[in-house]
């Protein structure tokens, strides 16, 4: 595996705790097994100079978590999940991980009839606060991340999309301690365009990392395909360039080859094809920003705000009376605003020249 | 119209400013026309004792608002919208409205290529803050409400769903000044069950009013049909009863008869059928709460939290180490939590006995 | 299991070949294992008087079929599938099955880039023709059935919905040899209402059997839930009653309890709740047909066709000139047809009285 | 308008009868108005050498058709529609149209409660048969076309997608008289990929013409946007090239600029951007076919059928016993087919090099 990473020229890897080591009968036994593999991973990291982007605990595959981990109605399961996350944060620190990700496929509900949504969310927030406390206690300096997904395997997952998660973090006072790991594949499942959550999270300073997988907008489930759409990769890279890169985050391929892609070389082809897609996207995005015509056309749309009145509004110093006066003080024939085209097709056509 | 309301036994009405009065050439002329109708409405209210539930400004039909009202790239349109809302709040106060609703069908985007999402949301928040200020200035004591909808006519509307709006209000410090007017029809368009936003908003103290319309979950657009599903009405009424009613809000039928329902009596039949649906829902919900078996089965799921450790977590006084110890202090064979059935089919079967 | 069937009062069962017996190394070994279980099944059938509704071959779980069975690009797999279906038809005959079902979860495509749709469909039709031939050869008198499903596990399944399958059967001359086994769960995945395929298949004389599962119209995957919606069960039962029952078919619960429903009694509760749902649906449907008001209102909509001209059209003896003359011979003011309300809300309100 | 067509270099146009001429009080008056415009159109055609691709009757906008045209429960409306189509076929012939299109936005149902699906489809088939008869009678030699769409404005439109329409035509003996006009925008609304219906119709010899509009797969309604996705255009053009062009059909832009694109030049930009998209698609498709590597890789997947046994199956001369023998005659270790990768990511990566 490490040699494959080197062959692909990849500098970082990520892991789920339960993917790299088997479980034992007890928490202690399971942790011991994990320790062995982690020691090996550390060795390999040092030998290859491949680094850990982030670690994460698998809190969704084991039937124990069928009703949730940090939102489980049973305190026993909740405590079990806490012990697992505690350990996973420790080994992530040990391996020098740049981040730690929470993805909560079971943190949601299947039926509203048997679920107390608010209680579960209160418990989940308490869980995340304890994670922050523990991070500080052990001196782990990586970024904590939440990865939104609207559903599957649950009918409704609480981390529905970027804005839902940002609202949740805000409500429970956790905004400063977390960023988002966006998988556009999940964004489309929530009904938004591939790039929507990337852009929204970025603009509010919350974009921490990206899982690049793509889905199929005509299917309703998570296909986790390798991204092959250069247009979409360009849009993602535009946002990433605009925010000056991903900082401690990265571009992860959490993708799977299709079940029918059974040759060994399919895994390589898929990674290469997807990396090329994002490489083309990056070049396109850089060209767009260098040339600047699209950005200029967009900022021109908002130029009326570069006025005294605009600034007054933006600084919270305006009121309805002032705005009404602005209209009423105009000549009758000029009260009605001029019709300003959104020029969507022009934007699309210009964008098409870059891809 | 008022006589029809009496015939149906309806005690409240609602209005869009542009539905009750035509527009003039200027803001002043338009306001004058509105004043005339409002005076008539006031008379009729007094004569019939039918009251105003809420008023709202139509900021989406006129082409002027095609690129948004409170989120328009053009400050001119923004100011125009402010003048319109100012007036509409005034007449809503005059008519003794219990609330004032913001629904922003054009507050969103059609293409991310030409849109600065963050700038538009900043402007929108400023707009709402000015509305709060103006409300206080004129002494309007009704509840301000936002009605979420994910899309249509825009591709993406910023008020996507209950949690998105709650997060937005939180972020911009507006949570105490607004509640939500939930239309379950819009909830399903955002990918949630009919009752989801009702429940979420209610549990966070944000459910202010309900538009009862139903949509068709297999279509992707807003059909605004009269609600005819007793099961769904029961779920909504359960939430409403649990929170002790809708306070100053109400249950509004913002529904339309089908285009093909062209007889005069269709409007009556539709209202009667839908009111009966919600009346049955209310009776069912009351029976569920009185009998209490469903509620008891649900709260039993969470009974493990009624322990010292549970309270410690809920009060924010616990940490990962304590929870790990809770697991490790158990006998080896008891570390693994017992598998507890979610009993979804039992809940569904019990629920079916009430509907 | 048989004792459970008796406890539930169920008179029929169904099976997948690979669910009842394990596989061996070779076709011969696999068949031998199946024979043993089939002998036991036969004994149990005789002891309990529980009968076989239909059998079916699982041609989708084994990786061998990942690229299809009757549509596989590799003739070797195709032949393997033929051998498996041959055997499964033999044992279905031996067990006195009333039917034999084809469900082709892998008969479709994942990517149009690597797929020759027409060639695969030609092969599939040839496969089904051989099945008909073999059925006749061995004297199996049960009904052959196809179960449509639009997708999952493939991206696109050729048996998309009832009308697609009926069109396919027609095109390849197979219409007289097959009927449809409709699972409304799959119908909703294809974008139609739960009852749509049931009704369409029935009206064209092609409804052979029903899998009653329900899905979740807001999710995009096949949840195979136990049906709990009395309104939908009523609509299905209306169609079934109108066509005079299901003949050699039946109402199958191919449903699964939720993953979280882990108690033994959940399986019973789910079956009982779902059977009660369909029992209530049957009673409602019978009441609707007995009372007759809904049927009468519907047939009244079409009463203009009970005229000479209407019959002429229906018998294929009319032409455009005659119809134009029908319009032009009217008084000018009567050329425009009267606006006739579809009265949808009235139908819905009347229907609601029965459920 | 014609000068704009020339400026764009467009050689064909299309029309809806009600878009080019207003209606009168009676059928005769309406026809007279249409005749005037048609005479002008004929003149302009001759002057500019721009030709008519196809004509079509608008049977969906007028409230008269709210419950359908060829499927209306009222024979009066049905006859009215017949008169309108009769006239529209006549003028299409007069203008030398290469085809005549049926698009039935109202040929479907809103509620199954008030609808007799089979009766309506029988009437619709009779309608189309009369159209064929009339076409022959007046000697119109253009191609009759049906344009599928799954829904909107109706909840369910009978012409759901390509295969549904092909099945319908087959069932009623109309297959030889109609081809399909595919709008991929509608294809995605039915849950298929943009190119699916194009490919399916083409492979069965039924692709007659293409409306190039694109939709938004994350919205549920028909946005009729100008196509801007070069990948999708490439796939469509691949199919068109493989079938040797569109014959008497064409590539129509039935697209609309966004409501917000209010500048005059937006219409030009949109057409140019979309035409460029399809031009790039055509070049890409030609390169793919010339280079041949993708086609070769695909046909290689099916190479096992180029054997005696394969041909036997394809010619309908095989049976299950022969296929079983094919398996059983192999060595035990070779009975199981080799696992053959579908190589989807390889196909995608190769395809990406062309776009």
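We call the chains A, B, C and D, going by the order they appear; numbering starts again at 1 in every chain.
One rule holds for everything that comes next: a residue touches a chain if its C-beta (ideal position, glycine included) is under 8 Å from a C-beta of that chain, and two chains touch if they have at least 3 such contacts.
Nothing here was measured: the structure is a model prediction, and the numbers come from that model.
A.B. asks: Just to be sure I understand the contacts, which chains border both subunit C and subunit B?
C.D. replies: A, D
A.B. asks: From subunit A, what is the lowest number of touch steps before subunit C is reached?
C.D. replies: The least step count works out to 1.
A.B. asks: Could you compare the number of C-beta pairs in contact for A-D with that for B-D and name the larger?
C.D. replies: Top pair by contacting C-beta pairs is A-D.
A.B. asks: Counting in whole Å, what is the centre-to-centre distance of subunit C and subunit D, each centre being its mean C-alpha position?
C.D. replies: Their C-alpha centroids are separated by 28 Å.
A.B. asks: What is the distance, in whole Å, between the centres of subunit B and subunit D, each centre taken as the mean of its C-alpha atoms?
C.D. replies: 41
A.B. asks: Would you give the residues of subunit A that are in contact with at least 2 other chains, written as numbers and ranges?
C.D. replies: If we look for residues of subunit A contacting two or more partner chains, we find 63, 66-67, 110, 151, 191-193, 258, 260, 262, 339-340, 342-344, 348.
A.B. asks: Report the residues of subunit D in contact with subunit A in the complex, numbered from low to high.
C.D. replies: 188, 191-193, 217-218, 226, 228-231, 257-258, 260-263, 266, 269-270, 272-273, 276-277, 339-346, 348-349, 352, 355
A.B. asks: Per the contact definition, I'd like the list of subunit D residues that touch subunit C in the complex.
C.D. replies: Answer in residue numbers: 25-28, 63-64, 66-67, 73-80, 82-83, 85-86, 110-119, 122-123, 126, 129-131, 133-134, 150-151, 156, 160-161, 163-164, 166-168, 170-171, 190-193, 195-196, 199-200, 203-204, 235, 294, 297-299, 301-302, 304-305, 307, 309-310, 313-314, 316, 318-321, 323-324, 326-328, 332, 335-340, 342-344, 347-348, 351.
A.B. asks: Where on subunit B is subunit D touching in the complex?
C.D. replies: 63, 66-67, 110, 151-153, 155, 216, 219-221, 258-260, 262
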